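Quick heads-up: structures coming right below.
Consider the two complexes below, in which subunit A is the common component and subunit B and subunit C are the respective partners.
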Partner chain A sequence: MHVPDGFLDATTSTGTAAVAAAGVALALRGSRHELDERTAPMAGLTAVFVFAVQMMNFPVAFGTSGHLMGGALAAVLVGPWTAVLCLTVVLMVQALVFADGGLTALGTNVTLLGLVAIGVGYGVFRGLRAVLPATRTGLLASAGVGAFLSVPVAALVFVGLFGLGGVADVALGPVTAAMVGVHLLIGLGEAVITVAVLGAVLTVRPDLVRGGRHLLRARELAPRPDLAGATAVDAR
Partner chain B sequence: MGAGHGGALAAAYVPGDSPVHRLEPHTKLVAVLGFALVVVATPVHAGWAPLAYAGFLLLLLTVAGVARVRPGRLLRGLVVEVPFVLFAVLLPFVSRGPRTDVLGLSLSESGLAAGGSILAKATLSVLAATLLAATTDARALLRGLERLRLPTVLVQILSFMIRYTDVVGGELRRMQVARESRGFRGRHLGALKVLGPAAGSLFIRSYERGERVHLAMLSRGYTGRLPAGPIAVAGGRAWATALSLPLAAVAVLAGGSLLG
Partner chain C sequence: MTRTRTFVLIGTVLALLIAGVGSWYASSAPDGLEATAEEQGFGSTARDSAAADSPLADYTASWIGDDRLSGGLAGVIGVLLVLALTSVLVLLVRRRPAADDAAPRADAPRR
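== the complex of A and B ==
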């Protein structure tokens, strides 16, 4: 669910647009360590993946369904800067082609779903990864907690923005409670899917999980001793 | 790409040859953004605001008429705002301030104004964006963004996204058909055990395709820049046509604040 036009006043929208522009500029600079211009195809396909996965709905509660935001997941998979760029492009396509999320609210959406969600998700992930043991379970747990927290924090920041520049005079207490409550549930779904996706990728192509590079160990090629005899027989 | 390709992204485009379709994409982008800005800048609590919204709607319907975009297409575009309709309907009940009685319900006056204006503004800009998407195909939008100096890396990510959404969407659909033909129904939380790994293998397939495309491009001499065709120059007339929409909206806004 993206913020549409008219939800926040013009000043707040302009402010978040400036924040988003600064964040994307930083990401463009930072992503040079992760990707160069020539590896744009990979970033492009990651954006397509985020876009496709957002179309997969999962049941939340009371018959409602939610979908993955994918910020934390993308950050662990391809690195935070590239993830910001991918999410920005996905949000642009959703606003321009599907009118999902307002054009003047694009800055707000990039700030919330791109910068805040990825910042929180990846920050928590890095913090926990440093503390937890360097194993597959430790990695998955840190990513799961990061993904879980990224959703309610993004919702909280939205409530904050709404308090600053919302067009309605609403008591912020109940709104905060409702928003955070719902998004805790959505965050659980986000965490479960993030862990499941990362687990699947770690099993098949662990080298594609950028946040899990430390788990890869260089292995030397060695003949399996028990097969040596069998090959000799085949060669005959 | 022939007809039927492009999947989700191409579905938004309604082919046509109207003056709106023929406008340069970057002028249309600027026009729609300008229009959305004017709509958002309309004061919420002014008495003449509903009249201004009606004026904006009339402008959009005129453009839709010129572009020959059917009302059904516009209405389908509105589906994305459904969650916000719910929020806007709740506002009069939860807002603070002086209250008024409507049909025996005690509603907040400022909540009514705010809920109504959120609804009107969101609807108007969704309609404007739907018109843009209906008259401009995804690749033209990309060219427009490129002309508006979107950073190269973003343009390239966007161009790959436009090209491969259909391919990855197809993989997603095939996986879904395979799951459902094995009796899978995603009705409860246990479904996540199946959907998670499915998304994982979708990522691996997407990324590996990205790697293959990348290598194929490198072997054909790709240097990090895609050769673009000649840049179309939009003349003063094109700009004037495109900007007539936001300028008319500004006129409506100015008229409202002077007369109201």
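== the complex of A and C ==
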């Protein structure tokens, strides 16, 4: 969903650039506390993984494709502030080097794919994580729903911006329906990829999933099964 | 720590494979926004980015004739650029002393 130059007028683009700059400034402060010994080496990997998988457009209905946005995935892996930095680097490289997403639209894209997608994806993830069981399945479900919702909400925010400062004079209703409709489908892909990648990392190195550290803490506090077994044998 | 380094290395190789080889198999259909813009009649308001003349515009290494090689190389260059920039950024953020832990960390200048 990389917005090209020209869709939004200069005033709106300046506004989103200011929002993006403020968000990145906050992220530079916030990420300092996230970038500990485990998260710091993961930041680069998260960014390159999002960049690479964003190249993999998958087909959705009606001759249309979509790709991972990656905000929710990145936020669960390295924390929301570091995720904003990762997505900003990805979007900058895409806009400046690959002409993917406009230059005057860079602020818009950082706002939508960075701030909005991460805000929604991580917000929903945290909300669900608090109420679902503290298990691997609970964690993956929380992340999957967060990832799914982040895509149509980002599409909806684009429509809002388009309503404020869209250059073309077209009816907003059909644009909203089309954008949300197709991005609900793309959101399903977002959820599938997010859950698959997080599941894989949780299997190999659960301690490297920042959003899943509560699972490890719970496990550390649980009685060790071997001790419980030994006691049972002794009792017999 | 070595295990983490191995994990990150394997992950990066995977990203290089996805961007360098896998991307060839990606769908080339217009994405959700492009398709909506065309269908709703505002696709024509898109303007070429000032970066459209970049030698790597549209994930194509313009100096290479073979399409497959050209796209793969663009993806690999992109991964390496993103990795370099993110690593530098992380280094800068971590190096900047926080107000609440001004004491130098023993483990800081490892790389």
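Going forward, the second predicted complex is superposed on the first by the 202 of 236 C-alpha atoms of A that agree within 3 Å, B and C clash if a C-alpha of one lies under 4 Å from a C-alpha of the other, contacts with A are read in each partner's own complex, and residues count from 1 in each chain.
One rule holds in what follows: contacts are C-beta pairs under 8 Å (C-beta built on N, C-alpha and C of every residue); 3 or more make two chains touch, one makes a residue touch a chain.
Everything quoted here is computed from the prediction, not taken from an experiment.
Partners subunit B and subunit C, brought together by superposition on subunit A, clash.
Contacts of A:55 after superposition: both subunit B and subunit C are touched. Contacts of A:123 after superposition on the shared chain: neither subunit B nor subunit C is touched. Once the two complexes are laid over each other on the shared chain, residue contacts for A:186 go to subunit C alone; subunit B is not touched. Of the two partner chains, both subunit B and subunit C are touched by A:86.
Within the superposed three-chain model, A:96 lies in touch with subunit B and with subunit C [touch as defined at top]. When the two structures are aligned on the shared chain, A:44 is found in touch with subunit B and with subunit C. Contacts of A:138 after superposition: neither subunit B nor subunit C is touched. In the superposition on chain A, A:206 makes contact with neither subunit B nor subunit C. When both complexes are overlaid on chain A, the residue A:174 reaches subunit B and subunit C alike. The single stretch of subunit B with clashing C-alpha atoms against subunit C, selected from 45-53, 99-107, 135-143 or 171-179, is 171-179.
Residues 1, 4-7, 28, 31, 35, 37-38, 40-45, 47-49, 51-53, 55-59, 85-86, 89-90, 92-93, 95-100, 102-103, 167-168, 170, 174-175, 204-205, 208 of subunit A are contacted both by subunit B in one complex and by subunit C in the other. Across the complex, subunit A is touched by residues 8-9, 12, 29, 32-33, 36-37, 39-41, 44, 77, 80-81, 83-84, 91, 94-97, 108, 110-111, 114-115, 117-118, 120-122, 124-126, 128-130, 132-133, 138, 141, 145, 151-154, 156-165, 167-169, 172, 186-189, 191-193, 195-204, 206-211, 213-214, 217-218, 222-225 of subunit B. Residues 1, 4-7, 9-10, 13, 24, 28, 31, 35-49, 51-53, 55-59, 68, 77, 85-86, 88-90, 92-93, 95-100, 102-104, 167-171, 174-175, 189, 192-193, 195-201, 204-205, 208 of subunit A are the ones touching subunit B in the complex.
Only residues 1, 3-5, 7-8, 11-12, 14-16, 18-19, 22-23, 25-33, 35-37, 39-42, 44-52, 54, 56-59, 74-75, 77-79, 81-83, 85-87, 89-90, 93-94, 96, 98, 107 of subunit C touch subunit A when the two sit together in their complex.
By the touch rule above, subunit A contacts subunit C in their complex via residues 1-7, 28, 31-33, 35, 37-38, 40-45, 47-49, 51-53, 55-60, 62-67, 82, 85-86, 89-90, 92-103, 155, 158, 166-168, 170, 174-175, 178-179, 182-183, 185-186, 204-205, 208.
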